Structures are given as C-alpha cells and as structure tokens.
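Take a look at these structures.
In the two complexes that follow, subunit A is the common piece, with subunit B as its partner first and subunit C second.
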Partner chain A sequence: MAVYVKGIGNISPQKTWGDTTLLSSPLAYVGDRLSCVEPDYSQFVDIRQLRRMSRILKMGVAAGSMALQESGIKVPDGIITGTGYGCLEDTGIFLSKMVENNENALNPTPFIQSTHNTIGSQIALLLQCQGYNQTYTQSAFSFENALLDATLELKDNPAKSFLVGGIDEITDLSHTIQHRFGIFRDRSVSSLDLFNTSTDGTLNGEGASYFVLSGEKGENDTVCLDSVATFYKPGMQYLMDGIENFLESASLKTVDIDLLLIGKSGDKRFDSEAEEVSSRLFKSCAIGLFKHLSGEYPTASAFAFWLGARIIQTQHIPQAVIHRKATRPQRNILVYNPYFGEYHSLILLRSC
Partner chain B sequence: MEQLMEDLKRQIIEALNLKHLKPEDIGDEQPLFVEGLGLDSIDALELIVLLQQHYSIKMANPQDGPQIFKSVKTIAEYIRANQTT
Partner chain C sequence: MKGRVHVAGIGVISAIGTSIPETLASFESQSSGIRNITLLDSIHHDVLPVGEIAWSNEELADRLSIEPYVTRTALLGIYAAREAVNDAGIDLRKWRAGLISATTVGGMDKTEGFFIDFLKNSGSGRLRNVVNHECGRSTEIIADDLGLDRFISTVNTACSSSVNAIALGVRLIAHGMLDIVVAGGTDSLSKFTLNGFNSLMILDNKPCRPFDANRNGLNLGEGAGFVVLVSDRVKHTCGLRTESFVSGFANTNDAFHQTASSPEGRGSFGAMQQALAMSRIKPGDIDYINLHGTGTLNNDLSEGTAVKRLYGDHFPRLSSTKAFTGHTLGASGGIEAVFSILAIRNQCVLPNLRFENPIPELGIQPQVRYESGLEIVHVMSNSFGFGGNCSSIIFSKE
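On to the complex of A and B.
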C-alpha cells in the first residue's frame, strides 16, 4: 500500500531545516562525533515549557512542528515514534543523581522524562493530540517499525494522517560508554572523508526526523513510501534473495531502482555486505551514501528517508551524496541501511 | 534570613531551570505557583527534593506544601524553623 508523504521535518548534523538548498554546503566534523545543527527552539515552543525539556525532546518537538507545518495539518490523528536509545540525557542525569545522592532525594523531572515514549508524549501534549500514540524501540529497526505501524494503521483508515519519526541523541555519557566498545574511529580529521580511508570504526551521529504520512494522495504530494522490510542477521544469500523478493512484491526488479541510498558506515569490518549488495544487485543505478553526513545511529534510516524524499521532490542528488552518478530521473529510490552487520533494513520510496 | 533567601532564589533557578530569571527578578514574597512564577506540581516535587538535598529537611506532611512553598520567604521561614544544624 502506498503511503503519501505530506510533510517533512529534519534536524541533523547538517543544515537540513529552514530555507537551504539540499545539502549544498555539507558540514565537516573533526573527531568521532557529529552533533545536530539545532534551530532556535523558542520558535516552536513557549520558553516556559522549554525549560523542562532535554535536548532530544526539543529536537523531536521542533522536527515534528516542521513536518506538520509543511503538511498544513495542525493536529495529526496519531503520533508514532521510533527511537533506539530514547531520552539518554535524562536517563544519564537520573542515574548519576541516584549514585550521587546515595539513592535518596531523587529529582522527579529526569526520572519522568527518561522513558523512551517521552518524545511522542511531549509532542502530543503540546498539540493536545489525544489520538494513537506509540513508540518503537528495537535498535536499528525502531524507525522501520514505526513506518510499518503507520502503514498498517493507514491501510485500515487511509484518510487519517500520522506524524511518524525516527530520533536519537548523543550525550557525553553515552558517547564515552559507546567509545569503549571500539565502534568509533580514533582519529578522524574530517567526517566528509569517512569513505576515503579504510579503517575500523565509524562516526557517532544523531538526528530527529519526522514525517506526516497519509493513505490519501493530495494534489501536491510527490513522494510515497511503497514498502519497508527488515532482516536481522540474514546472511549474504538470504539478504540478496530478500532484496529481490522485496522489490518483486512492489512489482519492481533491481534494474528499476534509480538510486540506491546505502547506509555504509565507513567501518571496514561491517561494510563488506553493503559493497556486495551494490556490486552484485545494483550494477547500473546511481548510488548515494549518507553516513558521512549524519553519522551512525539506530535511526539513521530516518535521515535517509528524508534525503530520498527530498531527492525525489527536487530531482537533484547533492554532490556530497553521490557515489555513482545518476543517468536518469529519480523515480524509485531504495534505502538499504545496514547497522553494525546485524540489522539490515529496506525502505522503498517512489515518486507519485 | 536575607542571605538564606538569596541562596534559595539561586537554588530554585538552578533546580527548576529558570534560565530566563535572575535571583533579583524573584520577589521575597512573590507567589511561586500559578499567577507568580507559574510553577506547577512537578516543580513542587523538585522543591521538596531541594529541601532534602540542600537543607536535609524532609517534609513531614506533604499537605503543608502549598503553605510552605507560597513564596521564597515562607520557604526560608520553614527552613529556619526546621533545620537542626
């Protein structure tokens, strides 16, 4: 079932909001951490309500507001959020205070706001949206499951509209802990050179992307979500077959894909599958990369969804994204997002 | 008492993240809730924690909260009356 994209809001390590040409001046980061370029939140939320919100809440509320503004819809019928890590800042504060205060006299605010579903709840509170509200938190399938839920809901009620998003944040504490796992690069001079050197480790990223989706096409809609699929530790042949079957169920073949957006992370330990998929299945289409722009995080596929949708809308692939040039119009875009060799997801976007 | 009220204003601003205010913006007898600073029930819980963390005072009866947390002055008077050290 086609689900139409009515509005988009995206806060990321690039300037992806406001009046800017699509990734015309990509930002380069030194080190292993890409932090979001954030707007002035007082444009979106009353300053008195802002004081209690952590950064991820502010990013979620602002990205949601941007998407709703673009769609022209004031209050959606439901809010569906995907987040791998949830509200890390408040979780860190809550746990640290617990240790500092010897488990006595704990501050209520960080505790209340440490749960994953605070983001969707906060958006609903501000909008006074009392409809369906769901949060998915399954690591790198969180955003994909939010999309699947929206698709199922819209199959039953196509006229409804849902605010669907993927969101994750980096905090100093989470970055320090994750760095110990050896998943980030020790020395990175420029994030834009992520794919120019072959080494272990990727770059830590974050972002907040929300989309207004509906089952009914409006006259201004140009992008639709065709389908979503996830594969956990599939093995190479199963993955290859899975991609072909996925496309077949959308009445497409691999040659019909105009642009493959691959979530390669730059970590040589995990990128071999992505390279094999592109070299064996997608020999002629354009190929784009995005994790040198967004960094790696569980809901990075939401950044790719934003990128794919904007490419279809503008029919322009930013120079910073191009790995293999396009030779034809961008009608069918496949996002293939592998995450540390375990989670593999597919999102098919089409022009409509 | 003056010093205690000054300290309280700074601690309230920090605990409740009232970054848009300075201590001198809060009057000694200005109502803290609803029409005054516009604090709410979650802020009341934060103030109870503030009393525990900074002054080692555990409120015996939470129902006394509205009277105690009426203003900075009433909080300071409560601290004076209940602080043991």
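On to the complex of A and C.
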C-alpha cells in the first residue's frame, strides 16, 4: 500500500527550507560538527513561547509547521516522532545543575522538557491536536519506526493524515562525549570532502525533518512512500537477501532502482559493508551520497527521505549528491542507510 | 487488523516482588513496597520514600549471569523479559519475533555517575558508564540477551510508554508482520527523575495515597514488566493455552499543558472511550480498571473526572496499584499490564492501599481489599504521561 507525501519540512546543516533550488550551493563545514541552518522561528511560534523552548523543540515545531503548511492540512490526525537522542540540551542542563548544586534548588523546566516525547507533545499542544501521539527512540531505527507506525495506521484508515518526523540535535556536551568515543574525524578541512579522503571517523550531524503522510492521493502528490524495513545486526547474506525480498514485495528488482541513496558515513571501518552491498546488488545503479551534507546522526535517514522526495518531485539530482550518474527518469529511489555497522534500514520512495 | 493477539506469557519485577507468585502474595497480604531509599545514592534518601527493588546491580547481574556494568534499566528489563518468555514457554527463534520496549530514563543511572567526573574535566569519566545512556540501548541489550534480532523498537512517551509499546506489538502481529512480540517497559530509579519530580513538588514524603481526598503526591518506583504477544497461528501451532488477549487500546493527547492534565481529563477520557470502541464493548462491560492513579492532586482528579464522565455514578471495581510499587514511569504500563492480566488469570481484583476518603468532587471508592473468586472478563489499564500523552489498553478473557 502506498502512503502519499503531502508536505515536507526540513531543517538541516544545508539550506533546505524556504525558496532555494535543491542543494544548489552546498555549505562546507570545517571540523567535525555540522549545525543546522535555522529559520527565524518567530514566524512559527509566539516569541514568549519561544523563550522557553530548547533548540530541538524550536526546530521540531518549525519543521512540523513547514510540512503542514506545504500539505495544506491544518491539524493532522496524529503526530509520530522518531529521535535517537531526544532532548539533549534540557537533559544536559538538568543533569549538570543537579550535579553542581548537589541535588538542591533545581529549576523543573529543563526536567519537564527533557523527555523524548516533548517534541511531539509540544507540536500537539500548539496545534491543539488531541489525536494519536507517539515517539520512538531506537537509534537509527527511530525515524523508520515512526514511518512504519504511520504506514500501519494508514493501511487501516487511508483517509487519515499523520505528521511524521525524524529529529536529533547536537549539544556541546553530547559532542564532547561522543568525540571521546573516537567516532568523529580529528581533522576535517571541508565536510564536502568527506568521501574524498579515506580515514576512520565521520562528521557529527543533526536535523529536523517532518513529513505529512496520508493514504489518499491528492491531485498534487507526486511522491509516495512504498515501504520501510529495518535490519538489526544482520549478517551480510541476511542483509542482501533482505534487500532483495524487500524489493520483491514492491514488485521490483535491483535494476529497477533509479537512484540508490546510500548513507555511507565516510568512516572506512563501516563503509566497506555499504560498498559491498552496492557493488554486489546495485552494480549499474545510479548512486547518491548525503552524509557529507547532513553529517551522521541517528535520524539522518529522514534527511535522505527529504532528499529522495525532492529529487522525485523536481526530477533533478543535485550535483553535490551524485556519486554515480543517473541516466533515466527518477521513479524509484531506494534509501539504504547503514549506521555504525549495527543498524541498516531501507526506505523505498516512488513517483506516483 | 484481523485475528486475535493473545498474551502467552508475563514477567514482572518491582518493589513488591521479583516473581509472579511473590507479586501476587504482596497484593493478597497488602504489603507495600514503598520504603526509605537503601541503594540509590541521593541526598533525599531519608526524606523521600520510593518503591526500590532490594537487589543491587551486582546481585541482579549475578542472578542473571551477566556482566554487572550494564545499566540498571537494562538489568531489570532482562530480568522481567526472560521471566515473560519462560512463562510463555515458546522457542522464540523458530518464529518471526521482535522486542518492543519502553523506557524514559534509559541508562541515566550510570550517566549520573559519569557526569560527576565529566563536569570537573571533560576528559574524565569512564566512557563505559555513558555508552549505554540512550533509551534504545537498553532495548538492544535485552534483545541481544533474548536473541531477538528480527525487529526492535523503543517507545518513549513518558509515563504512557509501555502501553504504546504493547499496542505497536499487537498491530505488527495483527498485520502479519511478526508472529511474536515481547513488549513492555523498564525504568530504574535515578537521581535525575527523583530530583526532577522533587523540583516539581509532586513527590509525597510519606507513602502515597492514590485517589484519596488527602493525597499529597506520588512516590517514584522502579521495575520492569513484559508480556509475550502471539498470533493465532503461534497459539495453535504450539498448542498454547492462553488466558487473555488484547482487545483494544488507544493513544491520545490531552494537548492542554506540558505537565498538567486538563480538568475534565479530555485526553484520558478519549483514550478510554476509543479503547472501548476498539474492543467493541460498553463501559459497563469492564470488570476492573487498573487506574494510572499516581497520587498527585492533578492526575487523580483529572483521571477520576474522566472515569466519572464515562461511568456516571456506577463505577466498576477500580484501583491504583502505585501505592504498592510507586510510579515506575516508563515501565508502569508494562508492569500494570501484567497486573491486569493477573486479574484475569486469577479472577481477582487488586487493592488500592492507604485509601480512606473519596475525593469530594468525585465520590470514587476504589477497591481496598484483594478479592478473588470474581468473574473478571475485561480489564482496562490506564497510563498517562507528561506531554499530555494518554493511553488505555483493554485485556479480555479468552
């Protein structure tokens, strides 16, 4: 069953909102941290309310508003959010104060806003949306779980619409801690050169992407989500069989994929797996890469969803994305997102 | 959705027991698990009573024969999930089986320790104490322990999380995507949540009194509760004798305030009403409601108002079990799902401790004694959380 993409809002380290040609002038970052290009939030939320909101809440509310605006739907039937890390800023504030003040005289606001569901519930509160409200947090399956949930519900009730998103933020504290795990590059002169140098480590990214999805096709809908799948710690053979079965369920073969968007991270320790998948299953397929634009984070596949959907809508593949050139119309785009070797996911987008 | 989704096994660990028989015995003898803190390292240890599990991480790990350095949330989760799988007596590896867990604190108990050193010097603090911080990590650890790799997911909708985890499990089975789902939730006590709720001034410094006119806040607790959900096909192929199935559930948002519930309980009313509609039963068909009943002024009044709107003055038997266990946050829906299924399994209702006087506006008289020998066919369990998240689930007798 197809799920139609009605509206998109995406805040990312690139200028991915407002009137811009799709990734026409990609931004390069020095160092191992890519930060979102943020809009003026006062056009989405009252300034008094903005003051109490952390950055991830603002980004979520704004991306959600953009998606709803594009869809023409004022209030969706439900809000489904995927976030790997949740509200890191408020968690960090409360935790630090608690340690510094030895559990005394604590302001409850950051605690209240520290739970992962704050983003989805903040959107619900602003929209007065009393419908279904769900938040998933399973590392690089968080956004995929949210898509799956919406798909299940739309199978039963196609007329409904859901605001579905993937969102994660970097904070100074989280970046410092994650850097100590040795997962990011020590020296990076330009993020756009991520795939031109082979070394350990990737670049830290963040983003907020929301999509309005419905089971009923509207006149202006040109993109649909066909299916989504997750593979937790699969062996190589299990993964390859899984990809073929996944495409078979959509009545497709690997040669039918017009563009494979691979979530390679630039970390040579993990990218070899993705290269094996693409060289064995997608020998002649056009290939696009995106993590030099978004950075690596648990819900980076939501950035790829945005990218794939926009490519189908515009029938234009930005130069910055192309790894192996496409020569045919963009009808079937497969997002294959591996994450630190353990999480692998597939999202199939089709023109409709 | 088609076909029934059955409950084939249950497992629970909380302040009132580390097994089903022990838990049931605590209900029968009205023994509360709310006591002074003994394990959690907090300045509030003599002031704020909690529902703490008596075993330290080392003892838990020892009983589970695993490394002790994983987080307490993961340890409790493994304990209850293993118990549920044993209770079901199914070889999970023969089926398309998944794990859907729920947690709000994740590995916070270890992160707190890490932060003490880390804040002094950002190069300090042992990374092994923060590597399992993410909520989803506890689910990975439980899934790896059970050998479940087909599907994993973690829900965090604050205190309603576990009910939403179970609901997703039911939907995945009903849509034919999985055969078996181990679903529920786990949360350990942490300084983070204890201080968080304390800063909100909604913790009672005495054992809590849910639904009492003089209630004065909640007590935090910890634990884990999991159910094993199976399809018709698994039930019949394995010749399982199941006592209950999931007949309905609903998830709504109060959309009123980040922490407070609306006075009329619009979110909770909607959740109960929609769950009943999905079960295709009337409010009067419910034989027992396991209330969210945290013991805060706001929750109990709002939830009670929603119950009264649904029932008028003819309430079914109802109780909050949080006076026994404390509020176990993300785990509460899983733990109370197990309690609801126990009510069907043993044809009993569970008591609401320390109740004296009804809330004047409501006149709701909860069940105060353990009572068995009843006919319990439909049980509804409520779980509500910060952010306005409201969920209800109905378990029905086969």
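Simple rule for what comes next: the second predicted complex is superposed on the first by the 352 of 352 C-alpha atoms of A that agree within 3 Å, B and C clash if a C-alpha of one lies under 4 Å from a C-alpha of the other, contacts with A are read in each partner's own complex, and residues count from 1 in each chain.
We take it that a contact is a pair of C-beta atoms (placed from the backbone, for glycine too) under 8 Å apart; a residue touches a chain by one contact, two chains touch by 3 or more.
No experiment lies behind these values; they were computed from the predicted model shown.
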item	value
Joint occupancy of subunit A by subunit B and subunit C, clash or fit	fit
Contacts of A:176 with subunit B and subunit C, given as first, second, both or neither	second
Partner chain(s) touched by A:112 [first = subunit B, second = subunit C, both, neither]	both
Touching partner for A:254 - first (subunit B), second (subunit C), both, neither	neither
First (subunit B), second (subunit C), both or neither touched by A:230	second
Contacts of A:54 with subunit B and subunit C, given as first, second, both or neither	neither
Angle at the Cα centre of subunit A, taken between the Cα centres of subunit B and subunit C once the superposition is applied, in steps of 10 degrees	60
Comparing the two partners subunit B and subunit C, which touches a greater set of residues in subunit A	C
Overlay on chain A, subunit C to subunit B nearest C-alpha distance, Å	7
On subunit A, positions contacted by subunit B and by subunit C	104, 106-108, 112
Footprint of subunit A on subunit B - complex, ascending	15-20, 38, 42, 45-46, 49, 52-53
Interfacial residue positions of subunit C with respect to subunit A in the complex	1, 42-44, 104, 111-112, 115-116, 118-119, 122-123, 127, 130-131, 134-137, 139-140, 143, 149-158, 164, 168, 171-172, 175, 191-192, 195-196, 198-200, 251-259, 266-267, 270, 385-389
Subunit A to subunit C touching residues, read off their complex	79, 84-86, 94-96, 98-100, 102-104, 106-108, 111-118, 120-122, 124-125, 127-139, 141-142, 145, 149, 152, 155-156, 176-177, 180-181, 230, 232-234
Touching residues (chain side subunit A, partner subunit B) in the complex	47-48, 51-52, 101, 104-109, 112
